[in-house]
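Please go over the structures that come below.
What follows is a pair of complexes built around chain A, which joins chain B in one and chain C in the other.
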Partner chain A sequence: MEILDKLKEDIRGELEGVSLVIGWERGYDSLHTTPLFIRCPEDIDRLIWNPLCVHNLASYLPWFKGRRVGILVKGCDSRTVIQLLQERLIQREEVVIFGIPCQGVVDLAKIRARVDCSQVRGVSFKGDKIAIETPQGQRELPLEEILATKCISCQYPTPLIYDHLAGEAISSHRPPGLLFAEVEKIEKLDPKERFAYWQQELQRCIRCYACRNACPLCVCQDFCAADARDPHWLSQKTGIGEKFMWQILHAIHLAGRCTDCGECERACPMDIPIQRIRKKINKEIKELFGYEAGVNLEVTPPLYTFQVEEPAIKEREW
Partner chain B sequence: MVTPEVRFLAAEKIPTLLKRLGERYRVFAPVKVSETTVLFQEYREGVQIVLDRQTTAPAKEIIFPQTERLLSYTYRKDPEDPQKIELQVEEAPQSAPRTIIFGARPCDARGFRVFDSVFTAGPYEDPYYSSRRQQTTIVTIFCTQPQNTCFCTSVGTGPTDTEGSDLVLTPITEGYLAEAITEKGKELLQDEAFVSAQERVEEAQRAKEGIKLESELDLEGIPQRLMELFSTDFWERVSAKCISCGACTYLCPTCYCFNITDEAAGLEGERVRTWDSCMFYQYTLEASGHNPRPTKAERYRNRVGHKFSYHPINYEGMIGCCGCGRCIKSCPVSLDIRQVLREAKAYG
Partner chain C sequence: MSGMERKELRIVGFLCNWCSYGGADTAGVSRFKQPTDLRIIRVPCSGRVDPLLVVKAFMEGADGVLVSGCHPRDCHYAEGNFYARRRLEVLKRFLPFMGIEPGRFEYTWVSASEGARWQKVVTEFTNQIHRLGPIRRKGDGGGDIR
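Right, the complex of A and B next:
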């Protein structure tokens, strides 16, 4: 059975016992999908599944606390669900998880960098290629070139937690060594160059907080330190200093919690490569605590506990 | 009524034109700032100007900056009597330098018309906005390729609308036909980069006629319809997927809400006006702790209601939206305001 048919069948079976099921449907054109809130059996017909289903729908879960909801997750999204459960931000009995073994989703910014997408007429998938129909003609791009960065080093194509799995589990064929490739490139720059790089990128930040609000682990939301009025932690000005401060604040608050879903960067209307900042912290956490967020429900995230002697922190040798 | 003056501007002359204008004006043009983003920036030699697509953010920032210093202040303690504190206040200047926005779109210009009704027409004139607006000359390029997200014709403007522009450019072979709409526009045409256009007028006319964007949204009766839906669960349903970020409002050419804060550092500080967004919880959070718009449903209702109901009701029918579609294109979850308006008509 096709993945989509299996999903629909499983959702039909569970719909009565939940308030709604969150999936994807076609968006304003054939290149864009949009989250779908399935409330009645007729809504199920609108569900789609393809490499354009980019959103990590787990971001919505904390909003529905207290209600039982269904959610469609890719492998990466399932890590968010695990992390949310670990932090007790959601309850296991309140979520029905429809897992999808995933071969990767696209990065729309990478497509936009190659094709003028303003007048897309149609999109289709042909083997390992995506074909985009525009008034200027059809453009075919190898999927490999336009996959989201997280997919290129994906170690968990099959969800790590689910109630239903749409299809056969698949295992990763991606080299884990690529996980921090972008971060390592920036680490090689000397501090001055590194600062100049981020200055140039962050200059165009508009402090719209799309990164914050799309982040599934950014659970303070309405009570964020960045726009608190009292205490007035952070200036409302939009100079480069405030932009840096906000991005660092976000990254630090995600230390040991970020599941590398890339929603921050995907949501950024200015296409700033901000996931790299979160990834740098993830790398530090991995080196210090050997921890990767959202892969094991049974363990406690490192910053939620402490050990008197951390094996990788040589306190006595300082 | 100004008699239109018509000239031809060769595309290759644009960099030298902007450089020359830069001696007398602050000149802003759409510049490629990353692989996928184009923003209005002050023109410098060597930048890559991009005139064949809509900018990522509108020209709003140039006349209505995201951060505006209103005043600076310093507290001085008297060394003889530390209880005595003197306050010095320095107000920010309200006179703006002469500025050109080169390569705006009709939707950018329309955005400023919406601002004008609030900030210049009274009863409360905004001196900062007014001064910049008066001192700015807007050079608009007609849109030959409306995008999937464009709906300007549905809100009372269009890809060849001249309203709010001082000079308009119609793209033709190897350049543009330039038509002055106002005296400010005429002044620019004095530059030597603009040459006789006699044999190009017909071509431009044909180009203009070839530009089509059908009005696809029926907004008849929408101001009243949205009022009828005010207290229904419609808003909760349509805003369900909204993530409450400010991308739509900050990239909107007609969103003008702002916040005023004192940003202090030690004994000195600044009072600044910064953009605010009705998508944020703090937007109408009152000092008492009460918030009349506590959830995203009320906040999203405010965004749609303001543009398509309250603004036209308060300002002689003018819709508070220019149809640029950035709120659709840049929305992290592709929430489509056109679809919301269609559903509003059909709801219940």
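Right, the complex of A and C next:
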């Protein structure tokens, strides 16, 4: 059975017992998708599944706390669900998880860089290619070249938690060595160059906080430290210092929690490679505590706990 | 070395009330010679030191930041410094990635009786920051972070 048919069948079977099921549907054109909230059987027909289903829908789960909801997850999205469960931000009995073994989703920015997407008339998938129909004609691009960066190093294509799985589980064929490739490039620079690099990138930041709003683990909503006047972590100044401060604030609040879903960077209207900042912390957390966020329900996130003797921390002698 | 021989830099020290602040006091009462660059901010516990306090200090122009608490197993609140150790270690490894040189931030433990250790820590840390120099000079390609 096709993945989509299996999903629809499973959703039909569960719909009665949940307030709604969250999936994807076609957006304003055939290149864009948008979240779909399935409340009645007729809504199920609008469901789609293809490499354009980029959104991490688990972002919605904390909003629905107290209600039982269904959610469609890719491998990466399932890590968000696990991390939310680990932090008790959602309850297991309140979610029905429809898992999808995933071969990767696209990065629209990579498509936009190669095709004028202002008037897309149709999109289709042929094997490992995507065909985009525009007034200028049809363009075919190999999927591999336009996959999201996270997909190129994906280690968990099959969801790590689910109640229903749409299709056969698949295992990763991506080299784990690529996981931190961009971070390692920056690490090779000397501190002055690194500062200059971030200054150049972050000066574009308009502090719209789309990165925060898209992050499924930014759950404080109206109580964000970035908006607080007391303590006044961030002022209304527009300088680069505030932009650094904002990025570090977000990254630190995600330390030991970030599941590498990439929503922050995807949401950024200024195309700033901000996920690298989170990834650097993930890398250190992994090295120090052997921890990867959202892969094991039983583990306490490392900054919520401690060991009396920390084998990996080499403290400085004076 | 005193401020007379070299220009003072801006170094911020977050010291816990129960151990390190007492240690600094012991050093003072014992009249141990110490550099004067470090400004002490007294906090209830090293576990109170939100990593963002350190970041904010750098953003406001600090040349170096030191956090000092009770030795592990000696925390007045039993486990505050255990949490602090994890957070501050992550921070220490992360800051250089954003372009803040390694060595500008350190954390350590000094007890209330260790006046001599405090003297050593503050002297070495201050020298280390002087070797690195001011965090940004006017005319640095990057310009002023503020």
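As a working rule, the second predicted complex is superposed on the first by the 313 of 318 C-alpha atoms of A that agree within 3 Å, B and C clash if a C-alpha of one lies under 4 Å from a C-alpha of the other, contacts with A are read in each partner's own complex, and residues count from 1 in each chain.
One rule holds in what follows: contacts are C-beta pairs under 8 Å (C-beta built on N, C-alpha and C of every residue); 3 or more make two chains touch, one makes a residue touch a chain.
What you see is a predicted model; the values in this text were computed from it and never measured.
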Quick one: is A:F37 in contact with chain B, with chain C, with both, or with neither? Answer first, second, both or neither.
first
On the A-aligned overlay, A:L288 touches which partner chain: chain B = first, chain C = second, or both, or neither?
second
Name the contact category of A:G239: first (chain B only), second (chain C only), both, or neither.
both
For A:F306, decide between first (touching chain B), second (touching chain C), both and neither.
second
Could you tell me if A:N213 is touching chain B, chain C, both of them or neither one (first, second, both, neither)?
first
State whether A:I100 touches chain B only (first), chain C only (second), both chains, or neither.
neither
Doubly contacted residues of chain A, that is, touched by chain B and again by chain C
239
Residue ranges of chain C in contact with chain A within the complex
51-52, 55-56, 59, 72-73, 79, 82-83, 85-87, 89-91, 93-94, 96-102, 106, 108, 117, 120-121, 124, 140-143, 145-146
Of all residues in chain A, which touch chain B in the complex?
27-29, 32-35, 37, 55, 59-60, 109, 112-113, 116, 118-120, 135, 201, 203-204, 206-210, 212-214, 221-223, 227-229, 232, 235-239, 263, 266-267, 269-272
Touching residues on chain A, where the partner in the complex is chain C:
183, 186-187, 191-192, 194-199, 225, 233, 239-241, 244-245, 247-249, 251-252, 255-256, 277, 280-281, 284-285, 288-289, 302-303, 306-308, 310, 313, 315-316, 318
Contact footprint of chain A on chain B as seen in their complex:
33-37, 39, 53-54, 56-57, 66-67, 145-149, 240-241, 243-247, 249-251, 259, 261, 263, 270, 272, 274, 277, 280-282, 285, 328, 330, 332-336, 338-339
